[in-house]
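A, B, C, D, E, F, G, H, I and J label the chains in the order they appear, each numbered from 1.
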Amino acid sequence: MNEAKAKAAEEIRATKQREGLSWAEIAEAIGKPKEWTVSALLGQHPVPEDAAVKVGELLGLSDESVQALQRQPYRTGLGDAANDPTIYRFIEAINVYGPAIKELIHEEFGDGIMSAINFKLDVSRRPDPSGDRVVVTLDGKFLDYNW
Amino acid sequence: MNEAKAKAAEEIRATKQREGLSWAEIAEAIGKPKEWTVSALLGQHPVPEDAAVKVGELLGLSDESVQALQRQPYRTGLGDAANDPTIYRFIEAINVYGPAIKELIHEEFGDGIMSAINFKLDVSRRPDPSGDRVVVTLDGKFLDYNW
Amino acid sequence: MNEAKAKAAEEIRATKQREGLSWAEIAEAIGKPKEWTVSALLGQHPVPEDAAVKVGELLGLSDESVQALQRQPYRTGLGDAANDPTIYRFIEAINVYGPAIKELIHEEFGDGIMSAINFKLDVSRRPDPSGDRVVVTLDGKFLDYNW
Amino acid sequence: MNEAKAKAAEEIRATKQREGLSWAEIAEAIGKPKEWTVSALLGQHPVPEDAAVKVGELLGLSDESVQALQRQPYRTGLGDAANDPTIYRFIEAINVYGPAIKELIHEEFGDGIMSAINFKLDVSRRPDPSGDRVVVTLDGKFLDYNW
Amino acid sequence: MNEAKAKAAEEIRATKQREGLSWAEIAEAIGKPKEWTVSALLGQHPVPEDAAVKVGELLGLSDESVQALQRQPYRTGLGDAANDPTIYRFIEAINVYGPAIKELIHEEFGDGIMSAINFKLDVSRRPDPSGDRVVVTLDGKFLDYNW
Amino acid sequence: MNEAKAKAAEEIRATKQREGLSWAEIAEAIGKPKEWTVSALLGQHPVPEDAAVKVGELLGLSDESVQALQRQPYRTGLGDAANDPTIYRFIEAINVYGPAIKELIHEEFGDGIMSAINFKLDVSRRPDPSGDRVVVTLDGKFLDYNW
Amino acid sequence: MNEAKAKAAEEIRATKQREGLSWAEIAEAIGKPKEWTVSALLGQHPVPEDAAVKVGELLGLSDESVQALQRQPYRTGLGDAANDPTIYRFIEAINVYGPAIKELIHEEFGDGIMSAINFKLDVSRRPDPSGDRVVVTLDGKFLDYNW
Amino acid sequence: MNEAKAKAAEEIRATKQREGLSWAEIAEAIGKPKEWTVSALLGQHPVPEDAAVKVGELLGLSDESVQALQRQPYRTGLGDAANDPTIYRFIEAINVYGPAIKELIHEEFGDGIMSAINFKLDVSRRPDPSGDRVVVTLDGKFLDYNW
Amino acid sequence: MNEAKAKAAEEIRATKQREGLSWAEIAEAIGKPKEWTVSALLGQHPVPEDAAVKVGELLGLSDESVQALQRQPYRTGLGDAANDPTIYRFIEAINVYGPAIKELIHEEFGDGIMSAINFKLDVSRRPDPSGDRVVVTLDGKFLDYNW
Amino acid sequence: MNEAKAKAAEEIRATKQREGLSWAEIAEAIGKPKEWTVSALLGQHPVPEDAAVKVGELLGLSDESVQALQRQPYRTGLGDAANDPTIYRFIEAINVYGPAIKELIHEEFGDGIMSAINFKLDVSRRPDPSGDRVVVTLDGKFLDYNW
């Protein structure tokens, strides 16, 4: 259902490699956080018209891709990309620590969840003498079970 | 393979509810971060002998449980707890944002992963006028593909 | 088995975006409820000939698409669209509340089911000062186990 | 992880059958909607202390059950109950109409979801000359994708 | 959720073997078709009180079993009994002929289904010189897709 | 492995819709039962040469399709067509009644199975004042476990 | 559904090890082929009364086990025993050579199958200077697709 | 990974049908057992250069197919061909008799397996007055667990 | 099928922890490699009688455990232990490098496999200034596809 | 997501077969270990620009393939190649010996894992009078659970 968006993503990745552009530079060009930008350009969010047009100009995208970027996506999960080691480590972290996160959310907030919709995330590097660290911050509104 | 550890976890949760103790209080009693403490007491990490003994005294655990806590675990995944909404939102976040996280790690660090072993996490509350937020920080050493 | 219907759906969604038409406008044009209309045009119901022709004219569809819309579908399930958060929340609601719904149907009606065939549904917005609400009403004939 | 809650649910169902009590009567006794009550007593919600005690007195439950009802649950999904025809019809309805519901939510509200947490549901009977109908209303707050 | 019903079924099968009773004899004793009777006593239908009591007397069942037979079941599917060759041949028949059955239902009746609720079945032997035949008749009300 | 047969089936269904032919008419033209005919033309049985040629003439099929119809098929199961409600009801009937069918076959015939190979089926309509009925008769030779 | 048969199998294997009896000796005692005997005593076939009684005397089995051996089994498949290397090699042989076997059966016999019911098998050792060989012969009646 | 081999197999099957050649004739032409020949030409074994060339001449294959036949295959399993009744009966035989085969191999040979690599098989017809029989002989070297 | 062996393994692990014995010391006591010893005592290999008796004396095992250790196992795979990070890294290595290993085996040896039966492995530590290394050597006889 | 890399791999394997080049020769040409080289050219590692260009010249690859080789891969697992016998034996070895490897790593190093990222492997032949052996050495840095 997302074939046009997948093609747009392929076009973006190929141009980006050829032109030597970084995700950060593209994000800056449209004035959005880099994490949102990558997600949206890979097809996970609808891109507002002006941003889609700007990305289209910056990367010389086809009209179809500029249209496709604006369309509402089906967010259909990872498929066999779940086995990719870079992605799998996050799944493993949830496997190992999921129950502890759950207990601590309930202890602090009561019965409810962290929203994955009213939500943002940040990926950054923290220098460390024994090896720099990847720091991923998940930040979502607490929603209580509220009948 | 973790039956004794699972029984210990049940004993801990039952006592904790009866005594009205919080995870934070138990963590403080053994001088460990609360996130590590919950994970370890639920059976995901071997507990050092002195901490196991202290928890045993604090909660009046059986000798078998104190022994079991010290044993090396099999970290066997979430099973059907993966459907629990509080846990599932984290899986959904990885589903939706996993590819973006992967792209940004490679852009910043090159080919490699965030370690889930040399790793810690923090669960906290951030006050927000439009509703307080759950903030979960995953912090792992970058490991580059290094033949 | 539904490839021609899937192509028709793609053609419909692309035209609809380009022309700025809403599902409600299309539904009105053929005199059908909007929920039935979207389902049918996405390929889940055979479309009666006159309605198919009218939609074809409204959206400028190819003859193949007008034919395909009228064909009896295979209703083959969600596939990986089951992971889409907008759809998944309904699956989660059934996971969490399915047994309660079952108990209450049996208490009220005895042994039997709500038909999903003699069935209609309504999707609407209910304004609410603390945030508008999505209200989805499932309305199916009760069928009792009747040997 | 929910063994004690499952035992409490079994005790409740057995007593209810023996005493000839209805879910509606139990719900009334604790002053809660019947849909919430059934879910909670089957183990899907933590029951507030006073309600747990009242149910315990009404049905003559053991102390363990009264305690267990108050505990935070793991909401672990339907397992093989997903095959039960009364429950399956709801899954089928989501299979058949899920994409249409998604399209209509996005058309009306934009990109986002119906919350399954800030959520309630109603199960009722609507008399109909050609056979009474089961009407299930899902009512959840709209949450927009909000970075 | 059906443990008490499963125990009752075990008790029934054991007694039946010991006493040398046939399903047909038990069905006759309660005045029901043999197909319904076997299904119900194996736990797939709630048994009316008088029939449950009669079966209890005929086979000398425990009170718990007589109670359990009357309870509303969760019809949870075949599990690994789906591999049993006697059962699997029916699954294979649906695999091989399912699409043909579907085409013929739609040709004869239009868009809709055979009800599996307003439904009965018959299992009988048809003598045949080249080997007697198992004849299973599925007989369900046609339900048309009716919005 | 059945691509050529699948193409033939598509060609047949498209022509049949365009020409307004029924399965019954096609079956009559080749002098075979309609149930066998639909199965075979959809690719589940090899079609004898003369019948394949006759169908080819009747429907104006390509030579490739006439060839493909005669080829031995791989009968590869339903895939996601198992979710189609018209087909699923038969799977549900086997889920709910499979064990009862098994018990009755063994009671009547001893240890063995109904053949799904020496087998035929019939799909017909039975008029009924409270709604016509779909009657599907499965008729297979009994085969006893015979070492 | 086979718990009593599984207990009987356990009792048989334990006694057999303790008494140092071979399967061949047990098979001889009841006058049956060893392959049938092992299958039946492990629970895959109902054992005729006289053979069940003889095995019971030979191995000193409990009355429950002697009864259970005679009961009709559910043949429920291998479960995780499918991973056992000794069993897996047979699955692999079918994976690798299944299509060739199918082609050759159809070339020799036409459209149909080898029966797994009117079927016997033989396991034997064939001496070979470069290492003795396991020879397993599957021998089943050909059944042609016969409407 | 085997696309070129799959195309070669298709080309072989189509030509074989058109020319009316049997597998036995092709096997004879290259001087190999028919079972090996079918497996290899369907893509399960690399074909030695001279045999590939001979098959190419006999059937008029393209150069690509002659090349592809010689390539080392990925033997990737049956996929949905496992549901084909002709193939499934062999899987069922392993399901039903796998544990008995295992017991008898260990009784005769000790701990180890039948090799599926140092292995051959034979498919033949055995005339029988009550119906001819398919006889499949699996013949593999015994390999003992040998540290 | 391995319950007695699983109990023996539990008894061994509990005693080993209590007595402070290492696997290396147990292996030395029975004169076997430590890798074989751990596998066998966890239930993956039958233990010869004298070794089983020696282990029984060393650890004070019950007679049942000493018997169970000698029994032929079903090697039933990892189940949910496949998610354990220590084990998963090996699965990941096969996922990432499996095709390369396959190519290199075929290049060096031709068509065939590394035996997992005529096989041994070694787990050792290799000191390294930038962090000691786990070195696991898999060593199996090459078996060529040999009809 | 790796389609371009998969095409490059196909081009490489076809040229390599046609030119009669070995993996070892290609590896030597770019000055990398053969194990890394095969993995990388099959698409599991990004290839540095100079090596990609050299391989392109050596094998006469298209520009697209030379570009694709340099791109960061998604390492998506084995899919149905996991059934290939040459690859499966490694999975079986982990199934059978995984728990033993885990115990020995923890005994020697404490709680932690062998890295699959800071990792290399070696595939070699060890001559042996009773049949040469495949020796695969997995060599990864130990990482301790380090909060």
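Definition applied: a residue touches a chain if its C-beta (ideal position, glycine included) is under 8 Å from a C-beta of that chain, and two chains touch if they have at least 3 such contacts.
If you're wondering where the values come from, they're calculated on a predicted model, not measured in any experiment.
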Which chains contact both subunit B and subunit C? A, D
Between subunit A and subunit J, what distance separates the C-alpha centroids? Give it in angstrom. 29
Subunit E-subunit J separation of Cα centroids, rounded to whole Å: 54
Quick check on subunit J: which residues sit in contact with 2+ other chains? 74-75, 77, 81, 83-85, 92, 95-96, 102, 106, 112-113, 115-119, 143
Between which chains is there touch? A-B, A-C, A-D, A-I, A-J, B-C, B-D, B-I, B-J, C-D, C-E, C-F, D-E, D-F, E-F, E-G, E-H, F-G, F-H, G-H, G-I, G-J, H-I, H-J, I-J
Report the residues of subunit H in contact with subunit F in the complex, numbered from low to high. 13, 17-18, 80-81, 83-85
Listed in rising order, subunit E residues that touch subunit H in their complex are 83, 85, 88, 92, 95-96
Which of the residues in subunit D end up touching subunit B in this complex? 1, 67, 70-71, 74-77, 79, 116-117
Going by the contact rule set out above, which residues of subunit F touch subunit G in the complex? 33, 36, 45-46, 72, 74, 102, 106, 111-113, 115, 117-120, 143-147
Using the touch rule from the top, collect the residues of subunit E that touch subunit F in their complex. 22-24, 34-35, 38-39, 42, 44, 75, 77-78, 81-82, 84-87, 89-109, 112-116, 118-119, 121, 123-126, 128, 130-143
